[in-house]
Amino acid sequence: MTELLLIASAALGLNLALSLLAMLRQPSAGDRMLSAQLLGTNGVGVMLLLSLAQDQAALLDVALVLALLAAVVVIAFTRRPQEASHD
Amino acid sequence: MTFDALLVLDMLLATLMLMLAIAALHCESLRQGIFLYIVFGLVTALAWARLKAPDVALAEAAIGSGVAGALLLAGLRDRKPRKQKSLLRRPAWQVLTVTYLVIGLALTASWAFLDAQANDVGPRLGAMVQAELANSGVSNPVTAVLLNFRAYDTLLELAVLLAALLGVLALGPERAAPRAAGPVVHHLVAWLTPLLIVTAGYLLWVGAHAPGGAFQAGALLAAAGIVVRLSGNPHNGLPSGIWVRMLAVAGCGVFMFVGLASMGGGANLLQYPANWAGTLILLIEVFATLAITTSLVLVYLGGQPDSWSSGRRKARA
Amino acid sequence: MLETSTLYGLLGIILAALGLQAAILQRDAIRRILAINVLGVGVFLVFIATAYQGADTPPDAVPHALVLTGIVVAVAATALALGLQRRLEILDEDTDDE
Amino acid sequence: MIDLLSGVLIIGGLFFYVAGTIGLLRLPDTLCRLHAVTKADNLGLGLLAFGLLLQLTDPLSMLKVLLIWILVLAASAAGGQLIARHVQREQEDSS
């Protein structure tokens, strides 16, 4: 089982690299945030798998914090400063 | 088989970190650079998890990619759009000289690192920590080091944070608040904030026996303050007036008080009585969390909150 | 065979070198702040790599605690530096207006 | 038996992750990509989370895994909305 978990986390890591590549190819603001979300979920997935593979329950907390902070980062990226308000 | 998969994961994480660092440092658009730095923080957190440093992974996830990312984005917004300078190139001779010097430095450091690894003899401090852990009042070795064995470091760290806060406060009024957000952001913030606060409380509590503690909890609470601010709420969750200042110095203050009180009992500075250690550590951590939160939210505001100076401004007008 | 701690330690040194180079060569303040943060992560990686003692032994807690302290100090320094750069930006604007 | 089931779930989760990335790489415009990514990615994490749940024994850990999944679902739903709005505004700005 541990082997499967490790292989799966390596595969997710590769997927993370690919989605990063996708982002670098299309650097419009919307795509960037989109891949931010994808990268966040990818990171949470790897963290969950590592938690079980290395038998470290604490990594579940790290995954939880990552998920929370991914939401914070999405808000930080989509907010605009006051000066730009025209609507 | 197990080993192979781990090696693949290691190589992937290493390659990703390298590529992300280079891209973040040298890409055309600074906004994209900051974005890449946040992703770099995410991958770094994975590397910490892989190296069995869950405490550091928690702090990296909360501070390294979360709070630092929000700070850098706020810094970017301070720029007027017309002034967003493109990459300024230096003359080739400067680039070459610096690059060669840095490569030389890196080679020397690598040699020192490999040499230290090859001649790995003598006891590690970690063994001493494990041996004394039972007397520290907590069972998480990292918390024991931070708040008992090397409590001086942590006290001074809180002092550094306070100094940085004073520096930022001296620079003038706060950044302009973002305009009020639409319903989607409001709802997201409305359920994200309580979750951040509950998770922070949980991390503070488990810090005694599992990864977590004051820094991680403080960073999460600060993230809660930052999202409230980002949603356009002018109050940012901090109390007003004198209470904010009290909270900002509470970490250092309570820490010093406990340290001095232990001297009164005949021990050295910051040498807690063994049967009280657990309680005292929790007390210090609670106030350290509050101080870290207050400091991080205030430095995110980037200056004195408007509510502090409104009295003075009215007097001038 | 490449040891895990060697891999991550050397990676840390390379990252620190990249950060240092960019911190010296870049001209833009925020880019320099970013570079110093990358430099910091590189140094932390060397610490955590030395703490790692294999899959079955618990790692050394002392470098972990040092790095935790380092992360908080790094974010404090970043915030102060960004505050200073904002002040510079405001001063620039004032001189432009005259 | 449980190992087999959770293995299948994890591999199924991986499949959706990869599908999300391919969507990001191949679909023609941002809003299409948004659709592909938010759907596939959350299903990916969902299957993965259920695969892991079968391996866990501690109720608190199980609760955490469930919470993480719900959190990512909600954040992605709200985030998708925000990103779509942002894209729309940028298009208005540029036109």
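Letters A, B, C and D mark the chains as written, and numbering starts fresh at 1 in each.
Definition applied: contacts are C-beta pairs under 8 Å (C-beta built on N, C-alpha and C of every residue); 3 or more make two chains touch, one makes a residue touch a chain.
All figures in this text were calculated on a predicted structure; none of them were measured in a lab.
Asks: Moving only from a chain to one it touches, give the least number of moves from chain A to chain D.
Replies: 1
Asks: Looking only at C-beta pairs that count as contacts, which pair of chains has more of them, B-C or A-B?
Replies: B-C
Asks: I'd like to verify one number: the distance from the centre of chain A to the centre of chain B, where each centre is the average of its C-alpha atoms, in whole angstrom.
Replies: About 19 Å separates the centre of chain A from that of chain B.
Asks: CA centre of chain B versus CA centre of chain C: separation in Å?
Replies: Chain B and chain C have C-alpha centres separated by 12 Å.
Asks: Counting in whole Å, what is the centre-to-centre distance of chain B and chain D, each centre being its mean C-alpha position?
Replies: Centre-to-centre distance between chain B and chain D: 28 Å.
Asks: Please output the residue numbers of chain C that touch at least 2 other chains, ranges allowed.
Replies: Residue numbers touching two or more other chains: 55.
Asks: Do you know which chain B residues sit against two or more other chains?
Replies: Residue numbers touching two or more other chains: 6, 52, 55, 185, 188, 192, 195.
Asks: Could you pull out the residues of chain A that touch at least 2 other chains?
Replies: Counting only residues that touch two or more other chains, chain A contributes 40, 54, 57, 61, 64, 68, 71, 75, 78.
Asks: Pairs of chains that touch, anyone?
Replies: Chain pairs that touch: A-B, A-D, B-C, B-D.
Asks: Of all residues in chain C, which touch chain B in the complex?
Replies: 2-11, 13-22, 24-28, 30-31, 33-35, 37-38, 41, 44-46, 48-52, 55, 58-62, 64-69, 71-80, 82-87, 89-90, 92-93
Asks: Quick check on the complex: what are the chain D residues that touch chain B?
Replies: Within the complex, chain D contacts chain B at residues 71, 74-75, 78-79, 81-82, 85.
Asks: Could you list, by residue number, the parts of chain A that touch chain D in their complex?
Replies: Chain A residues touching chain D: 1, 4-5, 8, 11-12, 15, 18-19, 21-23, 25, 28-31, 33-35, 37-38, 40-42, 44-45, 48-49, 52, 57, 60-61, 63-64, 67-68, 70-71, 74-75, 78, 87.
Asks: Touching chain A in the complex: which residues of chain B?
Replies: Within the complex, chain B contacts chain A at residues 1-2, 5-6, 8-9, 12-13, 15-16, 19-20, 23, 29, 32, 35, 38-39, 42-43, 45-46, 49-50, 52, 54-55, 57-58, 61-62, 65-66, 69-70, 73, 77, 176-179, 181, 185, 188-189, 192, 195-196, 199, 202-203, 206, 210-212, 216, 220, 223, 226-227, 230-231.
Asks: If we count contacts the way the header does, which residues on chain A are in touch with chain B in the complex?
Replies: Residues 2-3, 6-7, 9-10, 13-14, 16-17, 20, 24, 27, 32, 36, 39-40, 43, 46-47, 50-51, 54, 56-59, 61-62, 64-66, 68-69, 71-73, 75-83, 85.
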